[in-house]
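Each in structure tokens, the structures are laid out below.
One chain, chain A, links the two complexes that follow: it is found with chain B in the first and with chain C in the second.
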Partner chain A sequence: MTGTRARIAPTEAPPTQIRQRESLFSAYRTEIAIALAIALLALAVGSQVPQALTWGNFANITQAGAPLIIMSLGVLLVVITGGIDLSVGSVFSLTGMVTAQAMANGFGGIAASLIGLGAGLLFGSINGFLVTIAGLAPFVVTLITFAVAGSLAFIVTNGRSMPIGDPDFWLLNSGSLIPGVPNYILFCLVLMIAIEFFLKKMVAGRWFYAVGSSSMAAYLLGIPVKRTKFMAYVASSLLASFSGLLTISYILNAESTAGSSLMLQAIAAVVIGGASLLGGTGTAVGAVLGALMITVIQNGVNLIGINSFWQGSVTGVAILIAVLIDRFSKSRRGAV
Partner chain B sequence: MKSTKHAVRLFAGVAMTALSISAAAQAEEKKTVAYLAPSLDISYWQWVGYGVKEKAKELGMDYVEYTSENSPAKQMDNARTAVTKGVDAIVIGPVSSTSTPPLLAYLKSQNVPIAFAGIGPQPGQTDYTSSVTANNYETGKAQGEFVCKLAKDRGGNQVGMLSLPQDRENAQKYLKGAEEAFKASGCDLAQMLETRGLTVNEAVTQANDMLTAHPDIKAIYGMYDEAGTGAAKVLQTRGLTGKVGIAVADGSPTTISLLKSNAIQGIFFQEAVGQGIDGTQQVFNAISGAPVKKDLALVMPLVTADKVESPEARAVIARVFPPAN
Partner chain C sequence: MIETNHVITIRGLTKSYGATSVLKGVNFTVRRGEVHALLGGNGAGKSTMIKIITGASSRNDGDIRFFDNEGRVRSETEGRAKVAVVHQELALLPHLTVAENIALPHQRRGAGLFRRVAAARHAYDALRMIDQDFAAKSLYWLVGSLSLHEGQMVEIARALSSGAELILLDEPTANLTANETERLFTVLRKLTRENGLSVVFVSHRMKEIRQIANVCTIIRGGHTVVDRQPMEELTDAGIIERMGQVAASHAPERAPRSEYRSDASAATDIITIEETGFRQELQPGTVLGVAGAPAGPAALIEALTGTARKKRWTVARAGWPDQLRSPRKAACLGAGYVTGDRAHKGVLHNLPIIDNVMASRRVTRGALLAGGSEGGECLDLLKALKVKAASVWDLPSTLSGGTQQKLLLARWLGVPSRLLVLEEPTRGVDIGTKREIYQLIRQMAASGTVIIWWSTENVELLEVCDRVIAFDTEGRCAGVLDRNDFSEEKLVTLTGMAA
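Right after this comes the complex of A and B.
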């Protein structure tokens, strides 16, 4: 027996490593399931349209999904605290219009972008203030700012779409700060890692989960509940703004309605990624995978040539399956 | 002193009466036209409104504007409000053709002439003064022929289409005309994708996906302005500008600049301002007893990249959007 152990031991990982692997698997169980689902979806589309599995199409998917990914990361922060942000689509559009208009008024790309991000900061602060200080329901507050920011997006240019004036503005999205990696991919990766690290490894990040699980308990534990919620809304709006900047940098055109369909998609992405709308759960990796799944579905529908009106139904079914799997796995873990 | 005061009062009274009669007479002479837009967040409907306003000014009419916010109920409310306020005629871009029968019945009961611009009444309806729309079927045929020629000039016969939602009557007619032209000219429609959001961003994604699935496509037909802008962006990114042709319907400052840089090869202009002008002229004729043309189906004129600076093209563009754009 001893001899057998001695032969096997060098090829096996030490027990600590196995436990770490198991806990990593357990911590990202939902995310791994989504990643597998995305891979299966891509293979299914690829069986119908071989070009779906090319690098070119991978680039299409990541480029099309980047704004949604970034917006979803912001929405995730609010959802973890038990809130909701319905204003992100309007803030996305408003940022684009304000930035384009600033460029038309002679501002350079960087200054105009900062003005655009200022719109995001303003609306995030208003959301945070009304939710935390005024004590209004997040749904009502962000419904109001959704309407106001959406209306302002039209007012800025009287509803006209605006071309982007700065000839170098495309670099924000399609340039490469790291050679070989387009900026839109870099931004998505950096933001995902930074937010995941913040949520999982930093004390202030853990507060988000605590506030979302129970505001009262968090308050009694001395966690700054209002400040945490305020920061979540500001971060959500700023990321929606940044997402808007990235989009106008890509298409070099700003439109008042550009973000109108993104808000629901972002919330869907967060839910697909394993976050609960009741708060207290969710990961950045999950939100990114949720956004990627929605983008892969849209891409697949287009490639196969299914009527695009079906996209909403397919996405709805994907959300339902994700929620059911999550509920099923939680109840099984509870039973164990 | 007392008699002086009395005289002043009498003079003031007479002056006020005279002013009131004069104002009433002027109001009676000056007619008012109301423009009912389905929504003003789309440039096209703003441009129709510009045409109505400019023509009203030229004809000595007052102009008022209402927006229906894409709601048939709001459209009906607006019509009632306009009639209550005493407008003499209405030019309408309806929310949809199917929303028009109750509206037409009401305006008939009130003897208010109505002209349609952009979108016509529901087929079978006759109680309207005039309908000024684009001839979508014939334009679709012309677009199909042109797109097929673009593809053949580039050594292929496969074409792609970025379509308006096919639940719209104008989109169905465009498609029918284009499909017939493709067949007659020997081209294959490799793929058609319908928009939901009418945004450039969506068109970029769709054009990318379409060219990924069908790399042999040699020409793209954009049924709305943002489709052409999105397709041009995709071709630029892929280094295919000029190698895949683009034709687009509607026309705007953005697509005209793309036409000038040869990123788009042709635009079939929808005369938004012109439809407003013609609709206003017809309702003015109706209230002044002049002859009226009931159905004006305008074929959308094609302007190609090499002719965009010609006087004819400039005249066409003047009927598309206001000069400030």
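Right after this comes the complex of A and C.
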């Protein structure tokens, strides 16, 4: 069989049909895997503690997870562009303090909320400005704003916690704009669908991925790289702010340290959801599922009665498993 | 079986990605001291095979044997240690210096410390083989700041100096100027003759293949159709036919001239490019070739694409600002650009084919939504360029290098633009497709687009262009040739570069 095989292969591959429709299964492979993992996790907890699988506990989980879900959606936008936002936890706390203080100063719930969101907008713009115009590294920039916003959250009330003044403010979180659906669930769903639609179907959303994939190639293509990054940081801060509002509306009390554990959780949620910290990948559905997974773990640890100090370790293992699943499914991407 | 003169033998190699099988039982043998051309159309599986040899990619089945000097079989690990490779897409460390990039892989057995002086000497000796001047000045430059062809030289130098017995070069000349290619060939000839080095050489340029290769293997449709045959026994036509390329490709008939008729308003459509002491007016539909060492063309192209930092060239057209300030501005004014650095500045690696292809259209149209009619449009473009893919949602990394190049071209194909700047648009594209690309570019010119085409292949320029600007090795404009006095000799004289 070493001789020349001058025969021209008659079995030339037939002209292949190029598929035009995206197969939802392959597009959401990672997300489906995480959803299954969450279901398994819930069942595992349920096998120990039967009340884990009740509607009541489901409501607990979504209520507890809503702020993280919304914050993760914001962090996702930044991560897709290849950046990172460490300031979200501080912005979350600051918004709560500013809003509560504004109410104490006589502003109504809506006006006070707008002031709180204004703080988010300000910090988002600072992040965006320093990353795009000044050209500083996202990690450094948001480390700075993390520190500054975090300390301002103490300064606003001099470190005291602040009760909510407006008696109707609980409606933001627990009211029902659509009868039967509590607002916190509605907000999560609407934001997830809106952001997923934006990222998948809108040109400006595709630019997020392009910028994260290669900002040089994106720039040469004429894609507005700076504008896209700027938008990502502003959106991230605003969502963190909004998430802070929801939380004080639920607890009816604002604390300076409320968001301090959330930033790492939000980044973890985004990573569990299949986004790469190198940029260019990730979906809103994945980020929401990642946040849910973290919440389900926390809930399970509480219900089973494991020492809550174990929470971090369990979450760590969950991240590891999720990243391994993702790696495995990515390496086969495009092979179908 | 002891084969003292074999370096590697491959039998029945198969490889598939999911349901698509790329290699269906390929045989390949390289002997000591030969330059072996590995040929095949785009997507034939040449790069795949090279990656399997180096272990960068796995195989499904097949027998690979590496031999040592005495003809004994080596283990695959031992064998691979004696193989060096220059991959089609460069693989350098951008934050390290040239010297470190060349020397680092060879200091693995060192005492743990990086020996800076030894590294510099090693790198200098390696680079000097290809370019003495470059070697003298570049050792401490960061690789990230190098141009594509400089990066290519660094990568080749790394392979040549690695002490390997077998070097695999996957389209190494695609990024080199003619002079550099010439020097590379001289080095390869010397090393194969004196040191018994074996070289596997992938290229789509028939002339180069003739110059350097002793024997060739052709793969097509997943099979070996020519197994290690001496080059003298094959005619160009025979090779092209066995690669499965269209017959027309070796009868270079001139592409049709631009048929664009300027109407009354055409005077305002003229684009003028100007630097001190040089001025060209480009009528709509002109295809202007740019030849010569990279420095000169690069400055012109930067001005045309809005990336220039220094203002050396001015580009003027009625309705355009004095200077194109950014690629975005340029794109929106109808000035398109296809980069020559496909891997780093062109392809969006995380985005599916459809986003890669539609990117420029989205920028120029300012559309709000992606999707909709885009799927059909993308499919038409892929068909026009004969791209084979399973789905428009696959990632570009599932395509061969030449096919990725077609994606970049597709971005501007059929977009009604005023100006289109092409850097080596046929880099890594096989002979048959090249011809089609020439036609497509001619068609775009016929619709009134001014095309500026930088190529290091003089033949290509002379075949397709209406006019060619030649830059000399210092980056100065050495002259302009019109279609009626085109000749390779003139171009060679003007550019000071061997053809």
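Simple rule for what comes next: the second predicted complex is superposed on the first by the 309 of 336 C-alpha atoms of A that agree within 3 Å, B and C clash if a C-alpha of one lies under 4 Å from a C-alpha of the other, contacts with A are read in each partner's own complex, and residues count from 1 in each chain.
As a convention for this text, a contact is a pair of C-beta atoms (placed from the backbone, for glycine too) under 8 Å apart; a residue touches a chain by one contact, two chains touch by 3 or more.
Owing to the predicted nature of the structure, the values given are computational and were not obtained by experimental measurement.
Engineer: Once chain A of both complexes is superposed, is A:M202 in touch with chain B (first), chain C (second), both, or neither?
Structural biologist: second
Engineer: Between chain B (first) and chain C (second), which, if any, makes contact with A:T54: first, second, both or neither?
Structural biologist: Only chain B; A:T54 stays clear of chain C.
Engineer: Contacts for A:L122 in the overlay, against chain B (first) and chain C (second): which applies, first, second, both or neither?
Structural biologist: neither
Engineer: For A:A210, is the partner it touches chain B (first), chain C (second), both, or none of the two (neither)?
Structural biologist: Second partner only.
Engineer: State whether A:R160 touches chain B only (first), chain C only (second), both chains, or neither.
Structural biologist: In the superposition, A:R160 contacts chain B only.
Engineer: A:L114 contacts which: chain B (first), chain C (second), both, neither?
Structural biologist: In the superposed model, A:L114 contacts neither chain B nor chain C.
Engineer: Looking at chain A, does chain C or chain B touch more of its residues?
Structural biologist: C
Engineer: Determine where on chain A the residues touched by chain B overlap those touched by chain C, and list them.
Structural biologist: On chain A, the chain B and chain C contacts do not overlap at all.
Engineer: So in the complex, the part of chain A that touches chain B is made up of which residues?
Structural biologist: Where chain A meets chain B, its residues are 49, 51-52, 54, 56-57, 60, 63-64, 67, 154, 158-161, 163, 174, 247, 250-253, 255-258, 260-261, 298-299, 302-305, 307-309, 311.
Engineer: Note which residues of chain C are touching chain A in the complex, please.
Structural biologist: So the residues of chain C in touch with chain A come to 11, 17-19, 27, 29, 220-229, 241-242, 244, 305, 307, 326-332, 337, 339, 344-351, 355, 359-360, 362-364, 367-371, 375-376, 378-379, 382-383, 387-395, 397-398, 411.
Engineer: Hey, which residues of chain B end up touching chain A in the complex?
Structural biologist: 40-43, 46, 165, 191-202, 204-206, 208-210, 212-213, 215, 226, 229-230, 233, 237, 252, 254, 257, 325
Engineer: Using the touch definition from the top, list the residues of chain A that touch chain C in their complex.
Structural biologist: Listed in rising order, the residues are 1-9, 11-13, 15-16, 18-23, 26-27, 200-206, 209-210, 212-214, 216-224, 279-281, 332-336.
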